[in-house]
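Labels for the chains are A, B, C and D, by order of writing; each one numbers its residues from 1.
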Amino acid sequence: KVYGGIFLYLDNRKQMNYTEENRRKTAYFARKRGNMIRVTVWNEYLHEKEEPVRHIYPNGIHGCIKEFLQTDEELVIKTATFEMPEHGLTEEVLKQTDVLIFWSHMRQNEFSDEVAARVCSHVRQGMGLVALHSAHFSKIMKGLLGTSMTLRWKHGESERVFCTAPYHPIAEGIPERFDIPKEEMYGEYFDIPKPDDVIFTGWFSCGEVFRSGCTFHSGYGKIFYFQPGHEEYPVYYIPEVQKIIKNAVHWCKPSVRKTSQLDCAEVKEVTLP
Amino acid sequence: KVYGGIFLYLDNRKQMNYTEENRRKTAYFARKRGNMIRVTVWNEYLHEKEEPVRHIYPNGIHGCIKEFLQTDEELVIKTATFEMPEHGLTEEVLKQTDVLIFWSHMRQNEFSDEVAARVCSHVRQGMGLVALHSAHFSKIMKGLLGTSMTLRWKHGESERVFCTAPYHPIAEGIPERFDIPKEEMYGEYFDIPKPDDVIFTGWFSCGEVFRSGCTFHSGYGKIFYFQPGHEEYPVYYIPEVQKIIKNAVHWCKPSVRKTSQLDCAEVKEVTLP
Amino acid sequence: KVYGGIFLYLDNRKQMNYTEENRRKTAYFARKRGNMIRVTVWNEYLHEKEEPVRHIYPNGIHGCIKEFLQTDEELVIKTATFEMPEHGLTEEVLKQTDVLIFWSHMRQNEFSDEVAARVCSHVRQGMGLVALHSAHFSKIMKGLLGTSMTLRWKHGESERVFCTAPYHPIAEGIPERFDIPKEEMYGEYFDIPKPDDVIFTGWFSCGEVFRSGCTFHSGYGKIFYFQPGHEEYPVYYIPEVQKIIKNAVHWCKPSVRKTSQLDCAEVKEVTLP
Amino acid sequence: KVYGGIFLYLDNRKQMNYTEENRRKTAYFARKRGNMIRVTVWNEYLHEKEEPVRHIYPNGIHGCIKEFLQTDEELVIKTATFEMPEHGLTEEVLKQTDVLIFWSHMRQNEFSDEVAARVCSHVRQGMGLVALHSAHFSKIMKGLLGTSMTLRWKHGESERVFCTAPYHPIAEGIPERFDIPKEEMYGEYFDIPKPDDVIFTGWFSCGEVFRSGCTFHSGYGKIFYFQPGHEEYPVYYIPEVQKIIKNAVHWCKPSVRKTSQLDCAEVKEVTLP
């Protein structure tokens, strides 16, 4: 593996108990009964085509995420990227996606309005969404949350992530705090609606704080936003980060999935209880 | 006054204590020191041009709202309607508006995208918004809240409005419950984000419930959505409804008002405390 | 079965799909790997010793709840009642309880302060709590939520329950609305803290509304309060009510369980990330 | 003034615009019409009797708070301390208090259970509460919020306070961030219920974060908890801290005040709307 110092740091850490064993058994039956969670990992996939980012994520951020998700046998994982037709997010793909993981940055303005609207529609109908790092400023997140999604930023700081909702399923198995040796600082005021839960709060060495892990919902769909993951640092190799994304996929899966655009409905007949 | 039976109902009710006296005195000084709340009442103003709605609101819904707001001397009130150039909501008008009251229905799809974006921008920068009745489905509310804003509806039911957050300033002076003899039913599931507060909950005679009065925020702006107010019934003459809208105007006024579009900002220099 | 008309009503309804099949398979492995959810159903068990309540719940409300929970093979279910020593809620029992279901009414004032404090402590350390109907006014719920828990009430009304958070796991498989033919009305203003989620809202025939299904948390523990279940009506035989309680048990299970009383901790050594 | 370095720091800062002028005018009429806000500042008043704390707060923390509140002419301010009979919080005093400011630390366990219950009762009936610093662990706050109120702590760190809800009235006039040169660190996980609003979030030099300014409600009463204010540092002389406490007093004042203990009420007669 690459990126010496930081990976040494990772190697030296006490391994978390992933409860992988339990999930493997559950997954065996999920496969049998056909109710696996279908995940699509979407990545812009531009930064990783050149050094130094290529060195960190030789198969792209989506490749890295897919790899660590695959140890969870309850998941069926596909990937899609910006350069595919319709960004790889056709009606057909979204219909077959339970949870969409989304990383974007450089070309958010060029992202198709039509595809963004389609993704928003599917979230409102129940599809789960895990939006990572700079995806806060994607057309999808702005469309779903309505606020400006603005924040303050600075490269190359260290972050300490605190769990501020340890009772939440996304926090399961995560320690009370963990460190990210190098990360892009995102700082308050983060212009988001009041989150359903603020599960993680970040402390940054440059004197800033951030609501780093937040849940929302839009329509029937559950949304988790998670700040860590700047492309220049190997953040998605950190065990706690991987565990949080896995937990989020399980939490985000639809409780109900509508099959058509939501619309206002007239009540014509009335029966009282 | 018009619309017999229902107004008789109104006449027979015990008058609420509006604490008008107090506000009058405060207002005297607000005027002197130049910090009045500047309100723009916006109305589509189409239904009221024909019977039977003209009979109920001869000066339009905006005229009725302006009239009862005028007893609050802390407010400076203007009106604007759909048919004015740029719907009467130019950059200049919005800059000089602290709180926008907004009623719309028939022509929501024809409302200018550009003006809708401009209004959303001003709300995110701090302008208060009171959205009434069918305005839930306006481009403005959909843009600010991000959900589908869908609901169920039926004409001609009676509603009982319960106060479910009596500690909130918008509920000040409002009884624990009050009745609206005839209203358009709006019923759940109302597809909104989790409200900051659900101040009023409606019971409808046809066996439905609704979160009838909800607060949200978007960026620096405060939003109050209030369901009562179908054009065919004289709902805006009901004292409690008037009092709630007045309270909402006071609550919605900006705590801070940004003067330019919000944007992400790079932190360049760091001083630690 | 008993109570004619109402059960006929139940018999005539379309059966819900409980996804029992899926849970059975998961449970098989849960048992094998030793991570079943350990449920204690606590009931005051006084009303059911005399007619007419005995006729409805011949084995007590706890017996009825235990019976329908048993179809979920992931659960290991015990019961306890008021008359047992320490109300059957010893330190040992609570330590081995993942989720406590709690029904109480007549003798809430006589409930031991010590046992109530012990239960609150375990909830704060992570034990899940499903509080049913009149248990809103138990020492446990008052202690955990801090408000007066007061409400308005009236016997013998019909209720229509609306799902106002369909994205929530507790709502999984529950229709948008369902009816309870006869229930004790509980009405607003219900003096609770702002719930984490209001999953169900009740409409009552006597012109009242209620936040009938609410989630909270206290410390590390998750709490679900559910209004339906007056002892004089066979409410716990209604399929949707049973399904909601089952879902709640799964949702309430601890994400983390502390093994000692929570306390403030001094930070002595500092390492920055 | 005392405490050199830190006060120099204060002297060197740009003065905030307190909008004192406006409040003075409003106050003139509030006095005339008899609707001043009646504030009771309660302080344990033990630490300040000996050095070095006496040097910082020669008239006690309550004396300091009273002094800066007095520039707000809408307020009528009294003080009370631990050593007074019934801690100075008799039924009579509380009845005449709109907002109680509360600082406590050393003798929280010795605080009378009866008086604590009385205060909680008045908050639930509508009295506002501003709980400062170590008062998080008072019988009053534990009783009102129900959680363990535990946290992590360490002396002598610097804090940067961020405004994470700039739209809230308590944040009015407060900059996006401000520094406290020396403060007792309070760190997460802070075991509180989900706050109605997290208005301020603290960054600490020792690598910790904290939800430093939170609102809650209990019954009809509004509560603001504010972390800054360890007795050994002159925190209550900082202009932003003073402004926040003033804003909180205005925000906390009752919207409604019940005059008797809250209780469940039977509905006997039904009229439908």
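Definition applied: a contact is a pair of C-beta atoms (placed from the backbone, for glycine too) under 8 Å apart; a residue touches a chain by one contact, two chains touch by 3 or more.
Bear in mind the structure is a predicted one, so any value in this text is a computation, not a measurement.
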Remaining chains grouped by touching, subunit B not included: one piece
Neighbouring chains shared between subunit B and subunit D, ordered by label: A, C
Fraction-based call for subunit B against subunit A, same above half, different below: same
A-D compared against A-C, more contacting pairs: A-C
Length of the line joining the C-alpha centres of subunit A and subunit D, rounded to whole Å: 38
Length of the line joining the C-alpha centres of subunit A and subunit B, rounded to whole Å: 36
Euclidean distance of C-alpha centroids - subunit A vs subunit C, Å: 32
Residues of subunit C whose C-beta touches two or more other chains: 160, 166, 187, 194, 196-197, 203, 207-208, 217, 219-220, 272-273
Residue ranges of subunit B in contact with subunit C within the complex: 160, 162-164, 166, 176-177, 187-190, 194, 197-198, 201-204, 207-209, 211
List of subunit D residues in touch with subunit C within their complex: 120, 124, 137, 143-148, 150-154, 185, 187, 191, 193-194, 196, 206-208, 216-220, 261-268, 270-273
Contact footprint of subunit B on subunit D as seen in their complex: 21-22, 25-26, 28-29, 32-33, 35, 126, 158-160, 166-169, 171-172, 179-181, 196-197, 203, 205, 217, 219-222, 255-256, 272-273
